[in-house]
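The letters A, B, C and D name the chains in turn, as written, and every chain counts its residues from 1.
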């Protein structure tokens, strides 16, 4: 048993209460938070709450968060005490493990996107996009941002919040109503000398792999390209670095992170080397120690809040370091061949979903190539709900687009079983 | 260890998946993809070795001031891994998510009680994100009130965390910094002299970063409110007051929490954290949506807040962190107050033990942390922070707060035992006896020695 | 780390449970109980630090000969933790245990196929336990046959694992050791000269501990069977033959497996292992009970074996180890043969790379392992084994088998990459260039230096 | 990609098959073990098998294996790679972690039992008892072992196997039919100059805390006492070291090890110092390294099979090291106060079970104090089965005792909920 009395004695006090004499009595509260529980009772209670969640085998949700298979080694790695319970690596000499892992994260995401630099993580994809807009504004000071007209409403809401304090205007560009692909002419007509940046999405918000996105570079003039991509799709489709992205951001949840009702997530944030001093977030750099040995440190900290305070490039302090380690582990376990396969299986499963639903009379809205998310014409929402299907998100709920009748999403991943697809088709088609 | 990069292993990928080809037009198809080509066994070894080159709460004392590095109980790792929680999609049907929503609702309720506030949003992903959210609420509030053109300033003490001014600027406010008084507290005269009808809010911690509780807090609140401005509570130091007092009773309007500090969720080497925001009733309508509400025993997401700032995170916040915090509160219940008391005892005991050896400025009675200065010892805080690493402990936060010269900010938390503290004190004393050469040479027993940070920033290398 | 014992922490227990008193007569009541008085956070730190002072497969190459230290895939840790398996009571109703029984049945079937035998018992807890079980079956068989008074001997080659003679003695047999021939193989003449109608069994590995496959095996089997004796297969070296050949086809009667070797279950710093036994049809009735059988789709425990030796473990064996082995086989399927090939390639490549530098006696073509001798290099195997520890690798098995002077027995397994092997070879070569002083001083970079084992045995201290 | 060709080249061969030329062709097999699976498919399949297990909330099984609560920290510790995937610590310089932990295990179990020495684990409780008999025989060379007449059949079967090669005779001693406690007079009458050892059990095989066991010491004459105990019970009842045990063994599963259908388990094995050279299994000793620093090694290895071969004290090589670490972690997390509470709760739950069943007309067989296992008169086996109750093991199945009508066991632990007890009582009593 510890000698608490000797601690009190050293302080010359009789009771711990004396340490709170500086708090006026009338500010003190008598808070009731409940009896303490044993660990067993705690886990019992929480498990019972968990049991109220219903997990459905007809799982066709996506649109940003995907139920992909996570190799157990990923969980094993990020549950190592030394990663899990460490703080931001302020003392690099005893934090080389995390620093190296984060440096590898920066490297692997830069390789994946073919961008020059990747920072050591943002909160999630949407806030990363918000930070990208702020960064673009810092780079060229212009104030119009072109955004896709079908951008998710929640994404747009975050953009608005992230530029709330700035003088930024969002201008929407259109899509071809038949193909669902970006309308390059519309972009061209809207780019002007005030255009700060064009936000592109590939796959786009209709779920299509959009070849026109690859050509936005040709119409952007002096503006910047902010590319919002799907990291798994980069296993088979061209990376943002190849089609002119200045800043590339994405939601990294698919890279080894459990869905967890949407958090914690991982904002991937990459950019061209020349913009590094305008970039937000943490950066890990390689250097050497006194003995010339390779060593890693947080670098360019002068951009950050704890040094630059009001003039910092962002206010980020805590970020998603552990999730970045998960993504690094995930991508290295899969390797190039694994990622290519998973991306390919996803495309093929989407095709399978389309043909299964088609054979039950349900049509896609567009004819293009889908990645995970596929948009169908289907109006019997009640049936979706009654059959407890997880899926069938309405385009009109997710976006401001309302000119496609009864357009709903069903999404797939490499985990989607063919039997589930068939079952879904049977249920939906059985009118 | 001298550990290679993943990309340099070239031991051949062995992750088994059926082969498969998708039909993608050439124009879209990726040609080169260069991910590490490495076996799973080598991935495991790589990260196991890296992890052994990393300090953590599970290794030893980690008294980073204002960071509250307390033990992260392992039962929470189990709980956070329950598949009924981890495998929920955020856009699933509300009916399918009742368990998830019950946790979130329950945590909102706890945080209300703990903060003495009326409503809570769990959405922000980190403390700084909570600040940003809070300040956006301030902005929107004054916008709706038609005062936004006028309310341009946010006042912040010079002892504040750097995130405060950064968040305020990010939301488009001017930051006005006021100096602390001779006691390290808020200088009421300085405050009075800058506060005006241009003031939107005053952002402070209490206790502040010196670990000192400002008993003028009610007066401060009155000053602000008299000018129609708000008082913002930075919750980074909540570990000092949990169960003892609340921001609500102190007169604050908006509060953010750092769940990864006060509520023992693991910090993950930098994150993820979670930074819920609590507000008084008059600000409820401004919170991010959705908030979780309850109707009989049915939990639902309320998107219907009249003046909501909208969304601040992609979904509802860092659920698995929220779950751990909920579980931590549920398990400890009324004992949380005992944790607070112990955290404060530890800080005061440690300050007391060091006080003959280092200058510990300002008021003697500390709360959860204290700041010492190496000024006058002839040693630099930097050198001491490196020297003590060789003894298997983590250094304090150094050179912060900025108002103390050669500052070392120490927060033992309730996790530190008397044994831990006595050892830490002995190491800190030993550092004073070390020669300049010894200090400059330190650390010696770490996986790398002191790093040339200036060179690393000059010759930027950010990828392998 | 200089780590205190748990008992020396005295940081105060903080495990929360409601207090409670039971009414026990004083006569029975315990007065003093002295368990460590330590906080959970300190328990976590203690073991985290201890673990970092321990080498493992997840750190690097671990080529202990005959131990088959291959990578233990992490998916198996997940699988072994599935609560539907971990939380089953062994005496539960058969109907409640269908999942558990299906796994056991499935593993029995796999092991039959892999060994080429007819029946399997999963009950033994380790390889040596499997040997003991096998030899008890031999004993019981001859007892039933009325020959136990006569069949008193078990023959064992001098290159055998020490467990073989120990297990044979334990079951009440005399052990007769025969020398190996000039090729390190079984000397057929020596065998013929000792085999008789007193012989109960001959216990061997094939390939043997030198890593050499004995192609006289069919002759050997004939010799034994001609004398009415049995041939016992020690499965420790199974990693050399899995998918290539089987003990069944080689003529063995009884086989034990070491699941923690061949089937990649983690060795846990010494255990738990699992040592299933497979037998030919005529021995089925002698197996320990129960064996798992199947009726349509219903799995049940068959206790009805006429001559069963009864029980050898409290219940049915190390289920969680069995589950991992089952899962490993199910996942790899036909690729297991590729693992075997790679293991053999690795051993031969490594032997080849070292052959100019160390004597590698006997036949050149090895299977999964090989033995080198430091004899003639002027260095002792012990010194070399300590010297190489400083390079972050584990040493080979030293001074075994006994028939090779200054032996180092090396089994890289399929986990070793070319890079691992090349590095290991370079370290082994470097050791030859080290001075005697350097060798004797080694290891230097380990958590402790060389230990005086003799003194430790003389001044026995077995508790804190 | 690795250069396998260069390995083949170095060996001067063209294909790996050449490395198997020493195995005669007619010994080669073409084995079909199935297509390899992806990790996802694997886990899916195994989970589906796991789902066939039915876990019952009416869980009243015990009799050796108990469903106790395991603090998650225990699992966390033994899943640390460095413990989990290491081998026997043959190179102590790089194995101090496991060696220290095992030394602590030896210490903590010695403290728990108040015995001098504890070895570094046996397979399970029953085989530990078998080894204890062999050790007793090595100590005094006598060949009669007294055993309780109500010893579990499976335990006896293992004893028979463990002494199969020895000239040992088991002689049963009796119990008072009314109290269910050891009959000391019967023991006294059976102890003679050939008596090697007396095996005692406390709690005894009827589940009773048996005060007479404490007095066997007084009637043992020159024989040894082998004590079989319940480690949790030592939180409140006297330890074997206090009542004269020469060897004390137990099943350690309750100390932080999941039930796992009965394995892996942990054999606790302690003894008096003077017998150390006759003892089986591994021993970890404290010593010093070259620099005088405390260090741990496997010691007295000359007793073991790899050195002494046919004359070894046992054939044990692999043991239960990881489970020993679990037990050490478990006991240190609980501490003295925790273990006392758990033992007390267990006794109280047993009392609760007795009174609940009694109030529904179901009587206990004996009136004594029970630890976990309680013997009731109850003959409606069908009802137990039909209601899917996990429990109700028959005394006549477990032991050779057949003179108590319809005696069945129901067992409790600290996890047994009062509602479950009440539900059990309602179901059973509702005749």
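Rule of thumb we're sticking to: a residue touches a chain if its C-beta (ideal position, glycine included) is under 8 Å from a C-beta of that chain, and two chains touch if they have at least 3 such contacts.
Keep in mind that this is a model prediction, so the values were computed, not measured.
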item	value
Between B-D and A-B, the pair joined by more C-beta contacts	A-B
Computed distance of Cα centres, chain D from chain A, in Å	49
Cα-centroid distance, chain A relative to chain B, in whole angstrom	21
In chain A, residues with contacts to at least two other chains	2, 36-39, 43, 71-73, 75-76, 80-82
Shared interface positions of chain B, touching two or more other chains	10-12, 15-18, 37, 40, 44, 48-49, 52, 56-59, 73-75, 77-78, 331, 335, 417-419
Chain contact topology (line, ring, star, complete or other)	complete
Residues of chain A that touch chain C when the two form their complex	1-2, 36-39, 71-73, 75-76, 81-82
In the complex with chain C, residue positions of chain B that touch it	1, 9-12, 16, 39-42, 44-45, 48-49, 52, 56-60, 71, 73-74, 331, 335, 392, 415, 417-419
Interfacial residue positions of chain D with respect to chain A in the complex	38-40, 43, 69, 71-72, 76, 80-81, 414-415
Touching residues on chain B, where the partner in the complex is chain D	10-12, 15-18, 37, 44, 48, 73-75, 77-78
